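As written, the chain order gives the labels A, B, C and D, with residue 1 at the start of each chain.
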Amino acid sequence: MSGQRYKWIGTRPNRPDGAHKVTGRARFGADFNMPGQLVGKVLRSPHAHALIKSIDTSKAAALPGVKAVVTSGDFPEQPDQIVPAGEMQVNLRDVTRNVMAREKALYDGHAVAAVAATTAEIAAEALALIEVEYEVLPHVIDVAAAMRDGAPILHDHLRTEGLTPPSNKPTNIAKRLEFAKGDIAAGFARAEVVIERDYTTAPVHQGYIEPHATLASAAEDGQIQLWSTTQGHFQVRGFCSRLLNIETSQLRVTATEIGGGFGGKTVVYLEPVAIRLSQKAGKPVKMVMSRDEVFRASGPTSGGTIKVRIGATRDGRIVAADCTVALQSGAFPGSPVGPACMCSFACYDIDNIKVVGFDVVSNRPKVAAYRAPGAPIAAWAVESTIDLVAEALHMDPIELRLKNAAKKGTKTHYGPTFNVIGLVETLQAAKNSAHYKSSLAPGRARGVAAGFWFNVGGDSSAAAHVGEDGTVTVISGNPDIGGSRASLALMAAETLGVPYEKVRPVIPDTSSIGFNFVTGGSRVTFATGLAVVNAVRDMIEQLKARAAKIWEVEPDAVIWEDGYAKPSSSNVGKFEPLSLAQLASQAGKTGGPINGHAQLNAQGAGPGFGVHIVDLAVDRDTGIVTIERYTAVQDVGTAIHPAYVEGQLQGGVAQGVGWALNEEYIYDAKGRLQNAGFLDYRMPVASDLPMIETVLVEVPNPSHPYGVRGVGEVPIVPPMAAIGNAIARATGVRMIDLPMSPPRLSAALDAVPRKLAAE
Amino acid sequence: MAHVVLTYSFARQFADGRTEHEVPGNSVRHLIRALDERYPGIGARLSNDVAVAIDGVIHQNAFLEPVEPGSEVCFIPALQGG
Amino acid sequence: MAELRYSAPHAVDEAVALIAAGGAVRILAGGTDLLVQMRSGLVAPAHIIDVKKIPEMAAIAESGGSFRIGAAVPAAVICEHAGLRKTWPGVVEAIGLIGSKQVQGRASAGGNLCNGSPAADSVPAMVAAAATVTIQGPNGRRELAVEKVLAGPGRTTLGSGEIVVAFTLPVRPKGSGDAYLRLIPRTEMDIAVVGCGVSLSLAGGTCTAARVGLGAVAPTVPLVEAAANALIGSRLDETALEAAAAACRAACKPIDDKRGTIVYRTKIAGVLLKRAAAIAAERARSH
Amino acid sequence: MSKLHVTATINGEPTEYLCDVHETMLDVLRDRLGLTGSKEGCGSGDCGACSIIVDGRLVCACLMLGAEAEGSRIETIEGLAKGDALHPLQKRFIELAALQCGICTPGILMAAKALLDRNANPSETEVRYWLAGNLCRCTGYDKIIHAVMDVAA
């Protein structure tokens, strides 16, 4: 581990917010209240696709206790163009329609109106009094069906971007992408083994345990306070400012503690509605989604179809790879098909690649990011096919991957050439792991898969304030979803040379620190960590300047070491080192408070690679899969707080296991969601999983002072394929559709005469 | 002079299908301006919803990012994390 | 929300009288089904009658080898009862599979039965055990075999104003054993896709008596006579087990729903029969 | 709508409250008594984030009416620490990073306490099946199970 080079980085101290979270003091979205607050509730469409002919809210508005009612008329129309909101690029015409339906209800659960009332009961009664005249239209959910000619069209104005020549035909295909490298035909001509399969994945949800919640308080002078459980309160400010034409300085957003997000809380659902209701009612409005609403109306990730074809020569060299990915984007364009295409073959150094992607709208909630968006879906298909190639060549699955692994200098099919990356080291660590070397117990089979994610940099701001007693507060703007306060404090302590406990990380509201992009894209420890380190370095410069003043020497004659200002050499003069506390106590006399600041757009987020190994058993009579052993190996750059890095790997694996085995949306013939709850949307429970072993490979990222790479998203990429590969080796049956649930696996097993799995 | 790489989609839509280009300029902004002179309309597309990889290192919005002579600059669809 | 009344009577006839007073009444024992249905708007009672304070419904009594379990006794209490665990392991493991540990703290066998779900975990085991229920209503008390209580999904054969007071488990014959198994996609927290309760007696290795209850494969929880007959008289060899499994498959009238397909449920009914029968036989040998 | 008057002991304190018949114990704890440590993840007993202990029994506060608590002894997360000392489970969860976002942590701590009250030295399997009613989406359960077994040992 990197610990030996650093004093604090690599250790496992208690997180600063631990006591709050284990005693129930920590306040999440639904834990904030204001005196006199109203309860807001949303009326949601029961139809998957319907024209909204009229909405009559008069009876609801007249109900005693109802203080405000809003429909799309209360939200300004937005232009049909891509604009920056915060740091994302969004089409506000679509965003406002997802927040509150305008011409059409586009999915079961789509918000159509909302009320604010003195009690939840009155609000519920009011919703029942709102009369909406729908003209129900045929709907489409499955991506293949949505792409076919004659499928119900969601948006008459939509044309496919990226077609040459451009087409003027109404369509559900919002965009076509293509990436190519080398000569695909020549590549396949040279291939001695070609494997081709068609795969599908079902739509899945991030599954955060905390439903969306917000509290808005709009004052008559136009200033607004908002509490929201979000992965990015600056992003919430950006969206609300754009959607409601409110200046950002008027909007003060506080990020509450967040009960999980995984990408699903990087957009807005309730916040703009709560603000409009509060503005109309002149009272604070609190809105909390029920679990049913979270499943029906908040952004899951895409279901999709993936065709993969891989050609290799007998010696195990992959010479050609071809892939077509079509992903649901939900009610409005914007699925993660771009990242899916780019991640598909990113792990491999292949000369001839062609990848085509389609972004396809369908009557489901607008898709939101879910942990390495798009990459797990592409990896499910590609890593399954790679395993088939390994079997065809009678090669060890890790050997085949090692033989074709991308490394520094590998040119990707989406353009860039890799700089320093750690896939080879990760594959070797997997090969040499205790797990991979262990013999397989009878009745068990082993699967392997690799995964890649870019990791993101982006805007971050940070400040470091010295208290009179010399302890330091480090301020930054990223909600702490998985322990990032601890890693920021570790990096600050390391840079400052003081004990970890002397540094207090704080995450204030949007008016108390500069802009910060969302907590997501595995960026916080990398990008915000960089801002924190720079802010501390800025503070150190000021501390040195103050010491220089006290000693009356030149500033550059002072150095900072282990938390002390020291003369750079003996010939500067005989001066006792000045501690942080000593300098802080004289701050007033030497120039005033000592604060450091930094803000940046972090560049060079090093990509992450993971290799997963799973041993499992299949009950052939029932189709039930039991995960017996799981090891996740990942290049993590430098593990700042190893326990929380391990936690990211273990959490990603658990979500991957759910995605692989039992999680899916189930719709009825009318396009209505049948399993909008944790009973029938089956996420892994504690008894479903073994301990999840982790191997942290550290190939430091050259673009970060402490070699940090993002770690949060890679772990969800390999699991589905690793499990699929193990099931294939256990049963001889190659599953191509997710989830591999007991009824589906049992049907597949029954369709094949019993034969021993080729070991 | 930088070695600019466009994705197949960008190339087909805006640059007669050519994905590889030698373009003068010592910052991303200059490269975009030079490309727009050669292929009118590409400038607007490359200025939003795009990430830029310079010698393998991806930059989210790298408008003023310096570009060394001979370095590889790729324009790729913007990335969003989850 | 309409005016909602709550009462907690201390005697069965008090409860029966309250029901007879009319209005949309719902009995509250553990509440783990009722509260979920109220919150989702499936049911909107006007009067909730909490029966947990009625001694007879909240107690477990044993006399001469037969057990009497109050309809409101929480599953956790049943599963900790030494006598029941020893004598009726199949019934106890079925009740112990209802929901999570948290649900076990409140859910009752009475509620599990009267909720009317064919997938209720306790019912196939109760059917196999030949349990009977004591029902009290305006016309006094009556006994009814548990397999006769369910009328279809969400419906029972109880008359208006009648409530289930307690379950009676008969004296267990010598050399007998029972078992319950269910098929769920995960290892916990799911509603049974298929449930199978088996109780059988052995004499010198030959099956002399058998009862089989099947859950989640029909509108009610059928007592599958044909499966029992296939076991009775056999030495529980593979042919007998296969015949009993075939009888179970034939008894299935399942539906395709968000939990399983017709094909899958039918197949699994046979698989669970064999496995449950093997466990029951094992317990019978050691009884 | 006439409210019910309920008397119960909550975290050792004699407590009285008024509640509507349809209000769950979770609504009472969070909205009437200000004890927001118990969380609502689903409202249907499927996630365990609202786990509390009533008369020694682990239950979901969302599957129990406020009215049913009459005369009961209720323990919530706010009562787990004693004075300024965290409960060993609370301490160990922090030390072993057995939580990430923390929304499930109160419920899991109450469930783990109920387990250890009943079984001082559970096996890994026993801990996993006991905690099956407490969903966690961040950690993959590994460090939670380690922490509970470590306290038990």
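Some points to look at:
Following the convention adopted for this analysis, contacts are C-beta pairs under 8 Å (C-beta built on N, C-alpha and C of every residue); 3 or more make two chains touch, one makes a residue touch a chain.
The model shown is predicted, which means the values in this text are computed figures rather than measured ones.
Between A-B and A-D, more contacting C-beta pairs join the chains of A-D. Mean C-alpha position of chain B lies 55 Å from that of chain D. Rounded to whole angstrom, the centroid-to-centroid distance between chain C and chain D, based on C-alpha atoms, equals 29 Å. Along chain C, residues 1, 40, 187-189 each make contact with two or more other chains. Among all residues of chain B, none touch two or more other chains. The multi-chain contact residues of chain D, meaning those touching 2 or more other chains, are 43-44, 46, 129, 131-134. Pairwise, the chains that make contact are A-B, A-C, A-D, C-D. Within the complex, the chain D residues that touch chain C are 1, 4, 20-22, 24, 43-46, 48, 51, 54, 57-60, 62-65, 67-68, 70, 111, 114-115, 129-134.
The part of chain A that touches chain B in the complex is made up of residues 82, 84, 87-89, 162, 164, 176-180, 206, 262-264, 266, 301, 336, 338-339, 342, 368-373, 414-419, 454-458, 518, 520-523, 601, 603-605, 607, 703, 710, 713. Interface residues of chain C, counted against chain D in their complex, comprise 1, 3-6, 8, 28, 30-32, 35-36, 38-40, 48, 50, 52, 74, 76, 99-103, 105-106, 187-189.
Only residues 1, 40, 183, 185-191, 193, 257-261, 263-264, 267-268, 271 of chain C touch chain A when the two sit together in their complex.
Those residues of chain B lying in contact with chain A across their complex are 5-9, 12-13, 19, 48-49, 53, 55-62, 65, 72, 74-82.
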